[in-house]
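Structure first, then comments.
Should a chain be cited, it is by its letter among A, B, C and D, assigned in written order, with residues numbered from 1 in that chain.
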């Protein structure tokens, strides 16, 4: 009984650990998408951030310097995305894909050049990492709490502030915002920057909190899962958060389900379990949970004079 | 653009892409400098490595073949207004189809029957893998970009499951199927040419490139010279007009994505039938994503796509040689270059236009 | 002229790529007066106003407000100078409530709560003062076009504009709503607001304005005191030649019924009744006009009749083929039945902007001979076909290879019309035949429609322009809220009664 | 560095697509190369292909340039190598983890199951909970071979001991996902595991880290990873690929190079368990005795460790 309780607790803790980067990413992506800028590049931003977080804290020996570097790195990528999609009205998906590929390559190129460990950063010691605060076994480091906090914060900003109102408007009808005397590009740039901020934190979490160092492609598709969570949550913070938790839980359970024989079915193939989040997303996207409507102007570059 | 006159068509098609590539390479040059290598020196190795010998040309063309397939795949979907990011998965499953067909029949069928059958299977499987997201988009309204991304992951999982648990050759160290019998081998280019008395250095280049060329012609005819292609492009430009014109958007979406997926599936033909002669893991190796860049650079026109694919093929081959020659440049450098090309010729395509326009306006007046 | 004009424009130039939309316009708008601007489509009216409002940036020229030169780089500056604009196409966020749209850009503080409360109070005040009542918490998407325009005007008043620009405000209103609008404008004028009114309806110019400017081809070609001019003169100034404002046609010789709808209904996925038991008959050799304020089901009616949408109830018979919810049809089949359809919005439906004219000239017929032979498009044949169309309908420029988007609105319209008429249809559905078309082209198109009527074709014309319906139709059917609210023979129809029916009052 | 003789060997390495720094056999090979380079001062040409079709190119290119010997790392190079080795009968090739029966090819494979058996024994002895964990990389036969040997070792030392095994993933990304590795390990700890064996390339780094963070014991793989976390690293299953590469170079250098097939197990010192200052505190004399006994028995043939890959099954 008692260890059942502890098992449940530990499973939840695991869920939260896995969900944290997803949540941060999703909240970031939410700002971007709400403003009408699709962000397939979350993955790349997170990867860049993870790399610079680890690299910096390995060099400076300060985890906080790492976090700062992560945010800067992610913001640079975010600005690149903005520069392409807002200033030059480029295709947002393409820009995102490009950012992902570039990040995947550059992190390794630089990593090899600077640390020659094949893109890995040196393993980090205690004070170069963000460590659990209260419950060592749960791994509840500061960024986990940041993620939990980010959800109500995002909701409040979007629903209750002037910025939020304009954000929602620009994602639906930029022309209306423009004619109201508000600069569409500046508004969108701010959204994209917010996205960068959160993606940066997510990246830092991966390399200096959850793990002790960067290794190539360590985001392993989580950026896309976060993206799925946003759509899944129909572009609303709390549902998106819920989606992240579900994916986290799936993962936590998957880990425990591996190799377990399910009566009747027999042993569930690892691959199936690992594919579950993607399967689920496809299933849910297919409108079986009701249609998800994207911000109307999402993906459409704003142009006054075609 | 106010004031300035728009670019002449030829400049749009010819000059702009070149400027974009130039920008990408300049950026790469800077990065290469940062890690302490002389860019020009590197460029030289790149070029020589790509077209320096008949062998390297062979490999360049072999990579080009893959890029043509995925480039066309993306382009066809593009023309229908669909964004197919699932080329990776479709190529993977296409390869599976090709491989299964061969594993099933190579012992009984002679090459003249086996090869077309396998090619057909590749197309069908690729198409099927694209058909699901297409159906989800057409009937359930799910976002095809996301679903195709998800289907890339699903394809990977499925393949590994099959390779590890079903198709693996007994006693094999890695998840790979048994080798295909002779009838399941697509003749390599050097053998074929040797047969007609032309000697070239052996390379991975095989007859799939002929298939690729045929696909280019096929796509061109289909898109611009058949009523279905007409309807497909109408849908891409203006769905409402397509409906008005009597096109069923759902069916057209399926058609477009199936063609797209089938084309992507041919990567499997080149890789498995042409080179590996068995089913292996991860042979799509990013060709699906690169296809987006190829299509963008090629302005979604077969001719443009062939040119863009040649560039990417040369990059892939020359890049390998470059890494070969200069240890400090790792293989990821090539990835970066690809990424930058996608960025400049895709997302930032509009950036140089005003400059060029100013240029032309000056020249004009 | 009075002392300092509220607005003074001098030498304004504006091009879009190759299009020289505004060519050195100079004008002065008197304070506290209503100034009208008329001109054919594409004359540059909206562009000029967009420049004044800072939405577009002029390539050259100067803007003076109250005598002071101003840089109008973006709407923010304009708003700051007390300029408000009600755009031809509404600038409202559909998913927002009236209140949210109202405060957008004038939230009064980084947090919403306060601003919204204040706005609610202000809204009630304005509502009382001008009799402009709307429910603050209604979603824009759920409002009628008239109400939406009211919100637009409220937005402007809410920002306390001293200068009000209205771009074709009455295009979407019933005569009654229009009357109310002009009452409001009068009130505003009393309160000293300067008003600029853009419209195509000369009647409104004569009724409301003190002063009128006429634009053509991006230039001011005339400038009159309203008291000293008349519609005929203005029309002539607009087009640059004499135009006959009314069309003369022989009495109809109507024959057998070619299209008939019985209790035709359409309910969308949200359960909204878009079409409600429509009964309609269309006979050979007659023109039936459907009048009504846009958004009352005309669009849907055309969609169902042309096979684009399947009816959810009732039945439709087209030349013997019976169509209902269970036996749907599609535009392709309809074409084979000899039904042609000129859609309401040529750019959105009738053509593909990026296509060559010759490609546009076979939209919907691409799979038919002679355009398609053994599964391949016959390019040359299509080219020749397009050229002949352009001849017959005098589409300018006569260039089949030109991109469809590079034809002027009117010429685009002619091209689409030509494509459909060239098939010598038995039934012809035409939506807004002359929307975005100048008076010159209107004459031509109307004559063509009457011609095909006289050749025994059954013509259905849907238009929001009452005058157009009145001059074209042999029978007039009025739609309101998806229902047919009345039918009048052309002879006994007059604006007022039609207006009442359009507002839902049964005749 | 010592002066290089004119007729010295011109060695070259073609790594597998895993890359030179895979924390696994590629890295081992490069260590062997470095050692050779230190001792002889002879530079070694290296190439990291990014797809399998580049193997053949690389082999041929090196051979053409008169590089000799040429070491090919990983089973997947076999097909290409066989082809090129026939083209260049006078060039010496060495392939690791696979057999290519040609006179001018030296095939080196390892009996990972034997090494894994030993660390399995150690794990079972060290475990208090009687629950031992295994985290594999990508789910492929090679890794199953590790797991299978490990399991036999555990059962040998403590028949009642329970093994909880996880594979990291289904794509090559599984070799590079320390985050997931850590989660898998933590998941196993949550279920009572107190010793975990990582055979997952860089993913293992995460596993070892997790053990450190949770104060559990971990076993490294391929190269000696004990130094990573002294105190929680129980041991490492070493696979002496470095030796294989080094020997090949050395032999070629003093003209004693011989082709043929070598399957390096405990007997040949190809695999072993690591005991050094970093983990000596964790290994009690009894444990050491037991493991050494098992080692002796395996070498003498008293114990035969079943090889998963002999029949793609662990029995």
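We take it that contacts are C-beta pairs under 8 Å (C-beta built on N, C-alpha and C of every residue); 3 or more make two chains touch, one makes a residue touch a chain.
Chain-to-protein mapping (UniProt): A, B = ABC transporter permease; C = Heme ABC transporter ATP-binding protein.
Quick caveat, the model's predicted, so the values are computed rather than measured.
Of all the chains, the one whose CA centre sits at the greatest distance from that of chain D is C. Between the CA-based centres of chain B and chain D the separation comes to 36 Å, rounded to the whole angstrom. A separation of 46 Å divides the Cα centre of chain B from that of chain C.
In terms of their C-alpha centroids, the spacing between chain C and chain D amounts to 76 Å.
Shared interface positions of chain A, defined as residues touching 2 or more other chains, are 112, 119, 221, 271, 274-275, 305. Across the assembly, chain B contributes residues 1-2, 157, 160-161, 164, 330, 334 that each touch 2 or more other chains.
Among the residues of chain C, those in touch with two or more other chains are 16, 56.
Contacts between chains form some other arrangement here, matching none of path, ring, star or all-to-all. Contacts between chains, counted with the stated touch criterion, involve the pairs A-B, A-C, A-D, B-C, B-D.
Of all residues in chain D, those touching chain A in their complex are 19-23, 27, 139, 164-167, 169-170, 173, 176-180, 182-184, 186-187, 190-191, 202, 205-206, 209, 213-214, 228.
Those residues of chain B that touch chain D in the complex are listed here as 55, 59, 62, 156-157, 160-161, 164, 168, 170-175, 203-204, 275-276, 280-283, 285, 320, 323-324, 327, 330-331, 334. Residues 1-3, 5-6, 221, 224-227, 230-231, 233-234, 237-238, 240-241, 243-246, 248 of chain B are the ones touching chain C in the complex.
Those residues of chain C that touch chain B in the complex are listed here as 14-18, 56-57, 59, 306, 308, 330-333, 335, 341, 343, 348-355, 359, 362-364, 366-367, 371-372, 375-377, 379. Put simply, chain A touches chain D in their complex at residues 7, 10-11, 14, 17-18, 112, 116-120, 123, 136-137, 139, 206, 210-213, 215-218, 220-221, 251-252, 255-256, 258-259, 270-271, 274-275.
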